[in-house]
């Protein structure tokens, strides 16, 4: 609650918060099926209609309502983004903490494995994962998640190493606190802030990566809609039916804008340097 | 005659609504040519903001001058209004007319530029010197602040120089263009006491040479005695008292000034040591802690594959014992190994050699799980900001396999009360407490396990002076009440004098002098101890001529397999001995 | 030097990991070189025909034998033969690499040339309207998928103005610099747009951080002008995050920009690998992934070395 | 700083514009600039089966005979041919002018060596299956080749018109350089091939077919068809092959461009897998056939670009689709059939498709999904990378598959792999009955065209009725060209061979 108040007290945080809030609402409506039309129903007599009263954002090649698909697509894209980032956060946090805390050989081995993943071309990694496992929502989640895991591992490991050298960890050691206690209460708890910032920014990347995978035909499977799939499906209809590109394109851009604004705001709010008293 | 600088009714605020958030509230003072004004106050008193307002640097720090006047007399006698001046006009004044040095020399110099370039810049800006001329001028400036081998040092970057050297470089930069006013904002606070003495000496000497005026800002009223002509004491954004040096020191009017002068520890050459709990010669009590031949070395490797080629001898053969109810202070400067000693006792760094024995406490019926506990220097860093006070206090209990029971909570409450914190503290978080309160929390946490020995590593150094005094009092009370033995690590002789029964002086990883506090402080025997004590500023030594000494701390790096020669000790009293010097 | 040796010593290890990963992954993907060549017609093959084709493609041995053979070849500097190109893998890669390198360099130049001044401008106008403007443009830049931007540029230029740089028939820089540049400038802008946006944001925040540092205050106390404070004192210190970001981004770009290469029909590494995957050209996929990973590691190393050059405080290899 | 930025920006734009202008003016009159989105995958005419490879190889290699735009057999390397009365002997007379691009004449020995290569299992030629009836090959004189067949095989002549039966030099076979060096007897020589980037072809001056209309062809691979269109708008490309009807339909809107389209033999089909429940039930398959509105699939997925088709796509043999079983949508009948089969509540199944192959695959799947939903069939769409799809398809590992299957000028060559008992792809088709098999065998042996037509009409009717697959439509093969290009004749096989006579008018 405190953090929400802080976000809304922050200039760009307010805008970002509102954008993300609206998207979450739309995503929930989309996932619950509370859309003006059924997003996969094909009104085949109304194919490729420009935006009008009945179809606010027009219809697509199949006569499906673009507005409804957009809502469902936001739901789908956000689902993929959230779960893939959750995957990367979880895996990255565990691995990063393990590397930082166990140190020495473990650190070396874990970070070399992360180096392998980082050095491996990301889009190829995702592509291989999707091709092996077959495309689908959960494959995309895992693929994007694995691609971002090394990044989160690094994000966690750095601060964890410096936290490990902090005095309150020394203090805990003088009481003989167990490793698990120190890692969870002293390291993890203090990583929440930098992780939150990273998560909001990663959500924006994940949305873009999902769009890229869909462009290569490896993302969400039809007839389900995702912003990326709608956008990539529209590419050869750009001249015939520009609204098919405009609306999902704007939807992606604004959502990423929202996440970025929110992330920046969180960085300001959570970064102790920003609260440094003027000298 | 018009003063060089005249400040009247200065008001400075911060934030969106500076009028409502005033930090300086109506400060006025005059400064004559060649005069030194010391502004004394604790953190938050507005002393730094006042200083930054004079050259209008406060504009860049988020502050706004909301009222008052600042007038500077220029060389031609005309008055320059600093309040209304435009930014380009101000850049002409800064550096040329008003020089400034800051508290942290490590961060106040640009880390990526050579110090030569940073000094040259002043000459370029105000004298239009370039190329070889500027370099020559920069070399002269370094010579002037007594930096040996100036030509070579010009090519150094700040990370290659020690803090004391850097502060000299800062002074060289500030004085490059012979400003008529130097503002020194806590210039020695971050430095070791002997280095502080050198910087103070340098400032005094340069002032004599150039005849400039100076505003000297400090929290340490003891430091003022050596340099100031006039003193202004600030509290909560207001000047509570100002006047001539002697008048303020000898006849303070305002209660706050009196408090600063009397309630706060000032070094008194061993005359203010504790009279209670002296070591009882005849008694054969078991020591609470006995350290024997402690050695801590950090191996140096030249590459990944090769073996260690040498080692940093951080602690090199330290032994001492500590009786229940006794305070042993370990004093030394940064890098001397005093903190490493403390951390080795706690097992935070692995000792290379040596043994500890911890005596079982007899005074208490309860057996403590962990008889040695520690309080750290930085109260802001040693409490996890994300945990409630209850969790923080519970941690030692949980760590030693205990359960948080009703009696544990009762102990928390009573300890909090004992260290002087409100009872409702348990649900609160560290950021809701002040620095002094946090250090009290750390003390309470250390006492949760009912230890026999508490290691206090610079435990009061980060606190404001008046808070420092109160925490020291608390420590003494607790020691009496629980029969605690303190291993008190500090660089501050004044503080040590107030709390120590015995003192060990450590230099380059070795104890050079150890013994009864009064004896060591009043009759130091080892040359290093003497130098250390001589460097401590006191109220009594006014306008004293400090001696310049440019020696550096010796390197602690030794070749592989090096062992120091066994120490020869000279005994100077029943409980006072010093290492024999070659 | 020691640090360099130590870092280089980890290279074989990481590359070994990459080689195993790519080798296993590409073989786990259903389909093989035979179905890639013949499509559904592969169903017409007799078992004997299949065997002889498998031998031709070198996929007739158990996987560990194949892997062993491949690794053995690498140790002799031989990355294998590409079945689609009928040439040594390294030759094919080195033919495509200059384009990828050039594109990466061009996009980085664009990104830095636009992003850094914009970021510094925003930082020095912090919280003003112009700052907000720059930040919003930067965020739009970061949020536009490159295929959307690429298609829009191509469509607008070709349909709106009737101009378009030569598609296909890519001219290397040393043959026809003008044509080469004209072919690469739009892809570089497409890639550079998002890149510039990131640079803008990172240089803005780095600059803001640095501007509140103590030595900036010192510079001001010397009487340095606003310009001198920014360019001489703050910028060199703010460069490190910018170098980090640009280095990582550049490292990624050296792996090829699949989507942009596809839209602009550029024969770069990214498309080559994608095609090689689709054509199940195992040797080429493996070789190029290894090559890309190696480049990425080299770039990372260079970035670390750049830190040392930029900031004398940083000594590599110290924990 | 602002100034600096502005200067930099304008500098970059200027550079871009200058470059753009400099490049768009260059043109080479005698060279045809061509583009396609998918490149050839190899140069061995006997091994390559990909559409894009065939289009390239047809310009370089020649078979014995060719088919023209109306699918009639016309001379290529052979000037004449003749079946013996019993249909077991096929004799070709070779063109004495025919020469390989290395200057040597095409001899009967080359023909014999080429076919022996195809038949050799070590070669791995997919087309071998079409030539299994060849018992032996005789070369009685310098201009005659005689194929002795083990059984009457009329369709073998059509199979020989394919570039997969191209004649290659015996010397190259011996040298083992087929596939690395392209030495054919066709109108163009391959000067340079940079896979997935470009091909450079030059006119073969010695070509037996006479002079070519252009001096050479430069083919660029532009993977994005929207980019091909953009390049044509700016006149960089003279001629292009397009796959995606969404892009092709934009071509006529450009005044300077012309779209050539011709119905092709390949057919879009929904393959059911009759070995999997419930498609094992005839009534279920029929219900699916009745529930699908083929015209609507065509209209939606392909913007109406194509023609609804039955199993036979060869115009001379095809039956009017409206006379086939359930080619008019009948949902009521479909529901009735479903409940008769015991699936009144429908069932769930997965349909697979290849991403982008054809470009309409995903759209077809979605329309079919929506149509079948009306009779309670819940389809799950799984789009796969082409190779993954091929792998699953060849294993018969699918409930239903969206496919674009290639057509041949002869129905036997086209379908014997699926609808005969010994068909190589029986494991994919998973359905065979005696009627189908005997119709196919009769059609293979019959030499009288009218009788053949009747046999295959029966075959088609039966196939549509038992509905192992749901044939949907045939689409168009698209080529786009600048209007100053003359002489291109599109054909149902999709060949670009007529580029040999194309000219560029100034």
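Letters A, B, C and D mark the chains as written, and numbering starts fresh at 1 in each.
In this text, contacts are C-beta pairs under 8 Å (C-beta built on N, C-alpha and C of every residue); 3 or more make two chains touch, one makes a residue touch a chain.
Nothing here was measured: the structure is a model prediction, and the numbers come from that model.
K.L.:
Which is the least count of steps on a path of touching chains running from chain C to chain D?
P.N.:
The least step count works out to 1.
K.L.:
Strictly by the touch rule at the top, which chains does chain B share as contacts with chain C?
P.N.:
A
K.L.:
Which chain has its C-alpha centroid at the greatest distance from the C-alpha centroid of chain D?
P.N.:
Taking each chain's C-alpha mean as its centre, the farthest from chain D is B.
K.L.:
Just list the two chains that share the greatest number of C-beta contact pairs.
P.N.:
Counting C-beta pairs in contact for each chain pair, the top pair is C-D.
K.L.:
How big is the gap, in whole Å, between where the Cα atoms of chain B centre and where those of chain D centre?
P.N.:
Here chain B and chain D have centroids separated by 85 Å.
K.L.:
Just the number, please: Cα centre separation of chain A and chain C in whole Å.
P.N.:
22
K.L.:
Roughly how far is chain A from chain B, centre to centre by C-alpha average, rounded to an integer in Å?
P.N.:
Using C-alpha averages as centres, the distance is 47 Å.
K.L.:
Distance between chain A and chain D based on Cα centroids, please, to the nearest Å.
P.N.:
Each chain reduced to its C-alpha mean, chain A and chain D end up 43 Å apart.
K.L.:
Going by the contact rule already set, what residues in chain B reach two or more other chains?
P.N.:
61
K.L.:
Of all residues in chain A, which are in touch with two or more distinct other chains?
P.N.:
Residue numbers touching two or more other chains: 131, 216, 235, 238-239, 279.
K.L.:
What parts of chain C, by residue number, touch at least two of the other chains?
P.N.:
Where chain C meets two or more other chains at a single residue, that happens at 29-30, 151, 155, 159, 217.
K.L.:
Could you list each pair of chains that touch, in label order?
P.N.:
The set of touching chain pairs is A-B, A-C, A-D, B-C, C-D.
K.L.:
Going by the contact rule at the top, pick out the chain D residues touching chain A in the complex.
P.N.:
225-226, 244, 246-247, 249-250, 296, 299-301, 355-356, 359, 362-363, 365-367, 369-370, 381-385, 388
K.L.:
Help me check something: in the complex, which residues belonging to chain D touch chain C?
P.N.:
Answer in residue numbers: 1-2, 4-5, 8-9, 12, 15-24, 26, 35, 41-42, 47-50, 121-129, 179-180, 194-198, 218, 220-224, 226-231, 233-234, 236-237, 385-388, 390-394, 403, 405, 417, 424-425, 427-428.
K.L.:
Considering the complex alone, what residue numbers of chain A touch chain D?
P.N.:
40-42, 44, 47, 61-63, 131, 134-136, 216-218, 221-223, 233, 235-240
K.L.:
Can you list the residues on chain B that touch chain C in the complex?
P.N.:
Spelled out, the residues of chain B in touch with chain C are 55, 57, 60-61, 87-88, 90-96, 98-100, 102, 104, 107-113, 121-122, 125-126, 157, 159-160, 170, 173-174, 302-304.
K.L.:
Spell out the part of chain A that touches chain B in their complex, as residue ranges.
P.N.:
166-168, 170-178, 181, 185-186, 189-190, 192, 278-279
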